[in-house]
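Below are two complexes that have subunit A in common, paired first with subunit B and then with subunit C.
Then we have the complex of A and B:
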């Protein structure tokens, strides 16, 4: 695809994300069809062979994530994408990737669950992404775009963070963002035509020039495993300190109610907040961009003068846990959400805000 | 007669295998082939979950450890990013023919240009001898204490026969490591698998019938006898597929 770097074009979220990954240097994609993320795979299938990259449709999500493990383990830049039920299948592989400190990007274009649920958008995989992405003592950075432009920007960022800290990184979007078209542009270095050397730690054949590399997550001695996990948690600490990101409206200082929402819901919430502000209510929006690390400090700052906080999500309330933890329960936190694939209406959120004002 | 030395592709370390276990022989054969072809620097091995999980400490080439059964998918990821390197997996029967069936069958169907060394000893060794997909009818294991009952436990999976029906498979041979002659044949088969990969002819699998004296509860010598008298009749030796001539580029 020939897109001028600075040109603004109309693109579907899923396709923009795929193109951004290629421009970030992703050479190999392994995936499996599932709605509403399949456009990512289809885009990769068209585009990657033309730049001598690898597209492979795996036999399953389990196969795909383990291909990512092998590919990343050999020191190459790679990714996979799926939607909620498929991410559950990838859990084993993600744990191994984290356990072997392998960088890669995993995209979840969420749909409603549990089970087969629905193909409509949802944010019900927050806990899975931030708490239970696989067995064992692990965390992975989770980025939550709210626009097609952010699908692009955060994908670029995801590859950087994955490589810098040697960790899998997740883009947690939803079916709405994946399917919608918006004007966006690509910026930064276009690495799509470049062949990069494999990472030095990769198992790609020692060529009789260096010591052999082993990619592994097994430590039979408890002390050795603990030491490895401690080292990893030091990196997690750095990620927390340096990478947590949020966007906060300008009127937070004087706001009595802070509305907290991420992704697609943040846009609905933004519309509700604007309406409330137009009616003279002291309300402002806070939008976490990284879900892990959760922008605790930024939220605390934003809520300095707030009397209450409203969390709104496309779930029965998952991120609300992190909001309460960040605020240490010092401010009352209320919740409004729709689930099952329903995107909340601005008026529904506005009504909730008004109820909070009255109370 | 040449000197009998440790192959360079096998590191000078003590293995954890039980006395009489045939993993040591099979490791050696793979390492000898790597030495003979001079490809240690270009080879990446994938270890499974099971008794041979620690082989990343034994082979001198780059190694990757895979989750249970996923070695063919992991090998696929390595090979696609490094098409000119040699990639082999080394898998047991539980790993390859039970939990990893889908990964195995589809790597084979894609004609993935990798070599699988499939060690069939009719039991899960590492976890203490449970029924495997290749456990023979009537065979007593920890989880088939009255003998494998085909009415309830089904039938053993004949991997080479099954995979040889797939067009992506370039080479499939079953060998055993029961005596010097069969060990030599096993080495030839492994070499053939790596040659097929070198020529980019597609998927190769070498099934090696082997023993597990510890979990079979018999001496190493009796285990070799059982291999010959009970396993070979059910799992006949031989070449099941050889497209190395037809596919030659």
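Then we have the complex of A and C:
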């Protein structure tokens, strides 16, 4: 690749994410086109064949996620990407991946819903990502980038976490982050195109030289399934303890209102918070970077002295549930959101902040 | 600036075509009736059709697909370009990114060849995949092949978004000259944010294509 590692370049969110996955050593991509994430597939189609990788456009999103299941099952690093309606189609496969404890990265560049909705940005898949990504007792880590640089950094991190805990990991971004361009750079090890040994637990053929590895989500004995679920939930506990991440502004200590927003909405909220601070209002921004695990402790700390909390999302209010849970409903939580593919403007959020100050 | 009546703006997406088109339209509107044709069928998000209000305030006629900025992401153009050409002093055609976007232009190539046109190629040294002059030239040739039209000039719009400084622009000059020389066309101008007050810039622009949270 002709990108100088240290150099700052302008790159589109979707393409930066795709390049980051390749640099993280992902050589297998399975997907199906859908706006506004198609640039990821197009980028993979151009790049992967050149580095001895596999790009495969499946017949559908269902096909693609099951190819990820097969590929991950053989112990290879792999990923898929889609946008909201396509993620719904992948639900069954994601549950199987979780049930077989397979690592992979799934990208959702959200658009408006339900149904076909719009091709404009949205954050209305929060519940799906954090609560209902597939049937069964399962969780998957969900990372929410807010800049093109984070599309890169969190993709690298997603593969690490997926492999460390043997779980699918989701990058939950939105159409705006996917389509916009920002200066960014790549750092860290460049593993693009490097041939690596498959993961030791993979079903990749052993020539009768070792005990066979079984990749499966079907259990014939209830006790065996329960034991596996217990073991899995121990890993979930570790993820909750170690992997939750958030960014909090410096004035949280003295803030009376904490604004909570993630992804692209956090950029708008940041602009609103700066304006409010310029007007002398005691307001600060708290931005979850991981949505599951939700940064409960960090939020509690940030809200130590807050009188009220404002959650803003591109939805009718979904993350707001996690905020209330984290704060144990001890602080009043208000909400402002836009839907339909509309990104809230800083002044709209500022106005809501001012209304809260008056009341 | 010596310009023909029809000015076609092409380039890699992210080169800043739309911002150049809009600024050029505002400048030329001081001299006559301007029509801006949004031929961008590639990008559903950031495009000239976003400037409806601004253009209306300057009496600039915006010609875009009625599906622009809607969820109907199909390349439906459906307007009469020959009528547009007759009714304005200047026509700026903002073409979609890459050779894919230039295909839409190909449909009108015979008509455009009958007029005097400029086809400017907007370049950005800091846009990945066109950081080397030869890469930018390869893309230009693809655009020419897809559109059936010849490039007549290079516009240097090298920038690093919000991280652009005067020296970022100055550093791009040899790159821009090399492309113009190798393509055998004129170097039209170097564009730059007027707030930077950069000596190397000969076409001062306002940053009109912005993210929602930018002032």
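By our rule, the second predicted complex is superposed on the first by the 358 of 359 C-alpha atoms of A that agree within 3 Å, B and C clash if a C-alpha of one lies under 4 Å from a C-alpha of the other, contacts with A are read in each partner's own complex, and residues count from 1 in each chain.
As a working rule, a residue touches a chain if its C-beta (ideal position, glycine included) is under 8 Å from a C-beta of that chain, and two chains touch if they have at least 3 such contacts.
No experiment lies behind these values; they were computed from the predicted model shown.
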By the touch definition at the top of the document, which applies to A:218: first (subunit B), second (subunit C), both, or neither? first
Considering only the touch criterion stated at the top, classify A:286 as touching first (subunit B), second (subunit C), both, or neither. neither
Between subunit B (first) and subunit C (second), which does A:67 come into contact with in this model arrangement: first, second, both, or neither? first
Which partner, once the models are overlaid, touches more of subunit A's residues, subunit C or subunit B? B
State whether A:208 touches subunit B only (first), subunit C only (second), both chains, or neither. first
Please work out whether A:58 is in contact with subunit B alone, subunit C alone, both, or neither, and reply first, second, both or neither. first
So in the superposed three-chain picture, is A:12 touching just subunit B, just subunit C, both, or none of them (first/second/both/neither)? second
Tell me which partner A:345 touches in the superposition: subunit B (first), subunit C (second), both or neither. second
Residue ranges of subunit B touching subunit A (in the complex, touch as defined): 40-44, 46, 53-54, 56-57, 60-67, 70, 73-82, 85-86, 102-103, 105-106
Tell me, which parts of subunit A touch subunit C in their complex? 2-3, 8-12, 15, 35-36, 112, 116-120, 175-176, 179-183, 267-268, 270-271, 341, 343-346
State the interface residues of subunit A toward subunit B in the complex, per the touch definition above. 27-28, 30, 54, 56, 58-60, 62-64, 66-76, 78, 92-93, 96, 100, 198, 203-209, 212-218
Subunit A-touching residues of subunit C, taken from the complex the two chains share: 13-14, 43-46, 71, 73, 124, 126-129, 131-132, 135, 159-163, 211-215
